[in-house]
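Reading through the structure tokens given below for one structure.
All chains are identified by letter, namely A, B, C and D, in their written order; residue positions are counted from 1 within each chain.
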Amino acid sequence: MKHTTFVQLLDLAVGAVLVTSFAALWLRRLATVTRVIAIQGFALAGVAAVIGVYEHETELIAVSVMVAVLRGLVLPGLINRTMRDGDERREVESLINIPASLLAAAVLTLVAYTATRSVVALDDSAQVRAMPLGVAVGLIGILLVVSRRKAVLQIIGVLMLDNGIALVMFLGTSGVPLAIELGVASDVLLAMFILQVLTSRIRTKFGGTDLDQLRELRD
Amino acid sequence: MNPTGIAVALLQAVFVIACAPLLVGWTRLVRARLEGRVGAPIRQPWRDLRKWFVKERMVSEHTGWVFALAPLVLTGSAVLVAALVPSLSTSSALDQVGDLFAVVYLLLLGTVALSLAGLDAGTAFGGMGASREMTITAIAEPTVLVAIFALSVSAGSSNLGVIVADTLSRPSAAASPTNLLALAALAVVTVAETGRIPVDNPSTHLELTMIHEAMTLEFSGPDLAMIELAAHVRLVVFLTLLANLFVPWGIATTAQPLHLLVAAGAVLVKLTVLATIVATVEVFLAKVRLFRVPELLAASFVLAFLAVTASFFLA
Amino acid sequence: MLRLLRTILRAGRATEPGPSADPSLVLPSHAGRLRGSLQVRLVDAGSCNGCEAEFAAAFGPVYDAERFGVRLVASPRHADALVVTGPVTRNMAVPLAKTWEATPGPKLVIALGDCAKDCGVFAGGHGVHGSVSDVVPVDVEIPGCPPSPDVIVAAMRRVAGG
Amino acid sequence: MNTTEAAFIAMAVAASAAVAAAIVLPARSRVVWVGVFTALSATAGGVASLAVLVGGDSFVTVIPDVFPLGGVRLEFDALSALFTFGTALVAVPAAVYGIGYSGQGPSSRPAQAAWPVLVWSVMMVPAAGNAIGLIALWELMALSSTVLVLAEHHHNAEARRAGQWYVAMTHLSLLAIALALFILVHQTGGESFAAMRAGAANVGPVAASTVFLLALVGFGVKAGVVPLHVWLPRAHPEAPSHVSALMSGAMVKLGVYGLLRVGWDLLDGGPLWWGAVVLTVGLISAMFGILHALVASDLKRLLAYSTTENVGLIFVGVGAAGMFAASDNRPLAAVALAAALLHVLNHGAFKGLLFLGAGSVLTATGTRNLDHMGGLGRRMPVTAATFAIGGMALAALPPLNGFVSEWLLLQSLVHSLPSEAASVAVAMPVAVAVVALTGGLAAAAFVKAFGSAFLAMPRSAEAEAAHESPFTMRTGMIALAGVCIALALLPTLLANPLERAIAPATGIADGAPISTNGVYVHLAGIQAGLSPLMLTLGLLIGVVAVFAVVRRSRARSTVRDIPPWGCGRTLQTSRMEYTATSFAEPLQRVFDDVLHPEIDVVVDHHTESRHYVESIRYHSETRDGIENRLYEPLLAVARRWGDRARSVQNGSIHRYLTYSLVVTVVVLLVSQ
């Protein structure tokens, strides 16, 4: 696999991850947002696969398959199950309107670039040059968690943050040993379960997963 | 602790106790004569004491051992102070035992004992007397100690014998501003501590105006005799302090009988003069309102304070 | 201050020669040990203050009972004799009895004036409880309404054994 | 392995046995065994300090790597021995007393376990030989005393508030002390006291003064001197009585120890104004403390305020010593310091005794308010007698030990005058005046406390039903009274221990301040003599002679059990007595511009006509002046900032998440 095709493929995959995170911010219907996150999972797996193939790391390829299964299929499935038994409207409600979210995401990307400028200067390989995007995806994940009212979207935000970190991991190091990836994966899985239980608990208590209702708990 | 020293100390105690009632008798006589009356003879206080000693002793139901012990402690401390104060000679054995501070605190012990007995009686008057007595004693304390400070600065020590000897050796020091100011301060304190006219009226009948007298309302018979004797001895002790610390001439510095006799004569003359002054002050001045007394004592404190600063800047 | 000094010097002694002790008064046996020192506590058991005025005059400069060793004291505990004036009113019966109990022995009661002796002009009055002897044992009675100071001083002198 | 080392080991073993007993044993026997073991531990401490004070040997050891940073170094010289001896004097009787007192009071496990730890740590703090050791032991002492102050907080809200004040103030003091020590370690380069002394030369004047002021603040809080005293009248009354006896008697003195150790041993003395600052703080504390003690009608609060007064007097002694040393009048400085140290021992003894007495009264009547007591002298003779002895010592009355140390202090102040330092010439007369006034007011406070608690008729049902306290409490009190009398009659025995104790304070000491030939006390360089033994003898002879004369002539009988003379009133009840509030009213009126009492008189008339008064209620309360003029504003500012900060936390999850986002971004940007 030649270097130029590797660079193009890599840029394509990372670009896909970034675009999906912007899409998650932009879309209104929850169902489509979940699907977008699934796509982002696959894109992430793609990045891992491309790097694995180029550097002939069989272990990395195994990791990318696991990422594809976990982040592409299992976790979005879980999110869908959380949404299914709620009867509330599936619309996305947000503290700041959509254009403002997109603008904020842009600013965060700029921040990511300035923050990782010293790291990028270290080595001019394709992976390292793409790293700021990983950080940007993580920051956008946090933005998603911060600005959305629904508990489900917060879960999606956390997942996106984790994808961003995983992306930085793949790009930064020349692949991650399988054990660490397994560890991270299990953590994420656990987080998902907890959030899922929490959301159902909030729904039973407040009849909706709007987090502002938690405000009454304050003394 | 040589035997002659002890003998001198005992002699001084007996001398002060013997002539204390007579001096109080003399004060009452002078006061009577100034008021145009004949007045009781000088021996009258002794007659009263002798009569009280044989009267019944009445102890009210709620009093405890404090009521019984207080007259003894008061009189005991008065007797000890009488022995300590150099009325006849400076060579008494007690010179190293206690100094001017010890004398002041022994008198304070007597006042505290009497105040506690006043409270123990459980009557309103006893409590009122005790509270006022302790208030005045507490406020008079700084004046006494700062006056002693002034005296001991010029004499170099607070021991009674040393102060007297120092004034004897430097006659000019007797008229120095330090001594005069300290004398004035101690004079005011003498009136306050022994309950004479400007501060407290010893011969009043209205309980509400009493300070020292109110505490003794509950005592009778021998207890009352002891308290009256102690009051007389304390007055004479204060007057002796005023006399011998500021005008010590005539006091014996050795223990020979002849010197002691001369000293006795000299101190008696001085005490009579002071007693006369006390009596005339009582006739000419009226009793001060209770809450004006702190101002009077504050004025005397300022005198004592000036005495100290004078001793430093001028000496 | 000087004005007072001038009056003192001008006035000189105001006391007149005192009356001798009144021999007619018979004293109880236990009164003997006073020997020239008599502490007196005045108890006004309802008098019209006539006797008080005379009694006070007895201690004034002119009659000066103090020269015979007689002194007024504030508390019955200090007193040897209770001088009671006036008929004993209903309210003063108990306090008079309590004062008498509070006086240490050997003690005397001197009924001053006719009222104290036999209720005098107030005899049979509504508020009157009785004469002094109905409440406390009386030793000496000084008649008169009010008795003049020299009579009082003579009696005092007799009681004091002067 | 000299006696001191053996005694230290015995002290630690006994203390740990006591803690074990407290945890393991059931309630009934736990109290007994904890008391016994704590008493043993305290005795061991006493033996150790006596071995150093009298025997003259010293004791230095290092316990390596107890803490990650380094080992704890113990250094037990004569100065620390004196303070440990003072603690032991109070701790042994207090431990015995605790057995009886804890039976009814705090016998819970934590309280019983904290008590031996407190005793052990109070005795060990003077033995600390390096910065870490001192801070660790200081913190252990603070924690164990906090547990004990909070021992009765379940049914006493006031104890909880007192606990809060106490914890806040002690940790403020810990902070100051730690800061001072760290600066010192940094400047002198050495971590142990010995190294600090060696490096003391290259500590600049500015650094030395900052360290001194920090130490003054830190140790001043623990000593309870005026601006920092606010916790003392709150915490001591709430702690169980035998604990507040130890706290007032010994723990408060560690403030003085610390100041002496840092100011005049490690820093080897300083300029004149050091002494002047300590003297001024002492004078203000003495004055402020005794005035508030006078108007307090809560017995233990009165004693707590009088602790501030006595610590003020000790600070006056130390300050005067500092000033004399700075104006190089060394012999007089030694006398002043000897007076301060002697007062440390004396105050420990009589204040401990008074608190034990107060505890005994509290258990008997269930109240601390002097106005509701009365007549306890006949119902609790032993408590009354011992309280009288302690009170007379508090009022510095001649036959007892309070007088000896007050006399020594006055001598040192009085003989200062022909000195060329102008500030000394001005300060000393003021000092004598204030010491004298506090002496007089202390006598009034004693008469008020003893008079309204123990004399005349009981003024409440509880006082009426009071009965003497159990055997162990009485033995504790009698033992401590014995200590007071021993200290009073034999200060001559303390002459050379005091001389040894002064030696370490190199900034002040030289020569023997007190020389004695068994009976007389002579002061070096001063023509002043006192013989407490002969004075007491003279007093006894005087009293016995008077008694003999009176008894011989008492021909007549004594009439007993008659009503007191009350102007012939028909009924003489206890409502006519003078209570503590009425006793202090004249003095309160004289000093009202200092105390600012809040007095309210409520007169309610009969409904029919205004001329007939049904009842009059008089209530006067004196709040702590410093507290509501200095602390309240500070707390208000803190509260205002707190409220503003609270608005940040308004319950919205989103706002919290935004904070995390913002922080992440900032960190990323900043960490270039």
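Following the convention adopted for this analysis, a residue touches a chain if its C-beta (ideal position, glycine included) is under 8 Å from a C-beta of that chain, and two chains touch if they have at least 3 such contacts.
Just so it is clear, the structure is predicted and the values come from calculations on it, not from any experiment.
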Discussion item. Shortest hop count from subunit A to subunit B along touching chains?
Written reply: 2
Discussion item. Suppose each chain is reduced to the average of its Cα coordinates; what separation in Å results between subunit A and subunit C?
Written reply: 115
Worksheet item: Could you state the distance in Å from the CA-based centre of subunit B to that of subunit C?
Response: 33
Worksheet, complete the sentence: Distance in whole angstrom between the CA centres of subunit B and subunit D is 35
Worksheet, complete the sentence: Taking each chain's mean CA coordinate, subunit C and subunit D are separated, in whole Å, by 58
Practice prompt. Name the residues of subunit C that each touch 2 or more other chains.
Written response: 75, 77, 102, 104-105
Item to complete: Would you give the residues of subunit A that are in contact with at least 2 other chains, written as numbers and ranges?
Response: none
Fill in: Where subunit B touches two or more other chains at once, by residue number
54-58, 207, 217-218, 221
Discussion item. Following the definition at the start, I'd like every touching pair of chains, please.
Written reply: A-D, B-C, B-D, C-D
Worksheet item: Residues of subunit D touching subunit C in their complex?
Response: 556, 559, 562-563, 565, 567-570
Worksheet entry | Touch list for subunit D against partner subunit B, complex | 375, 377-378, 384, 388, 392, 395-399, 403, 406-407, 410-411, 413-415, 417-418, 425, 428-429, 432-437, 439-441, 443-444, 446-448, 450-452, 454-457, 520, 526-531, 534-535, 538-547, 550, 553-567, 572, 574, 576-578, 582-587, 589-590
Worksheet entry | Residues on subunit D engaged by subunit A in the complex (per definition of touch) | 649-654, 657-658, 660-661, 664-665, 668-669, 671-672
Worksheet item: Taking the complex as given, what residues does subunit B use to touch subunit C?
Response: 32-41, 44, 47-48, 50-51, 54-58, 204-207, 210, 213, 216-221, 224, 283-284
Worksheet entry | subunit C to subunit D touching residues, read off their complex | 75-77, 94-96, 98-99, 101-102, 104-105
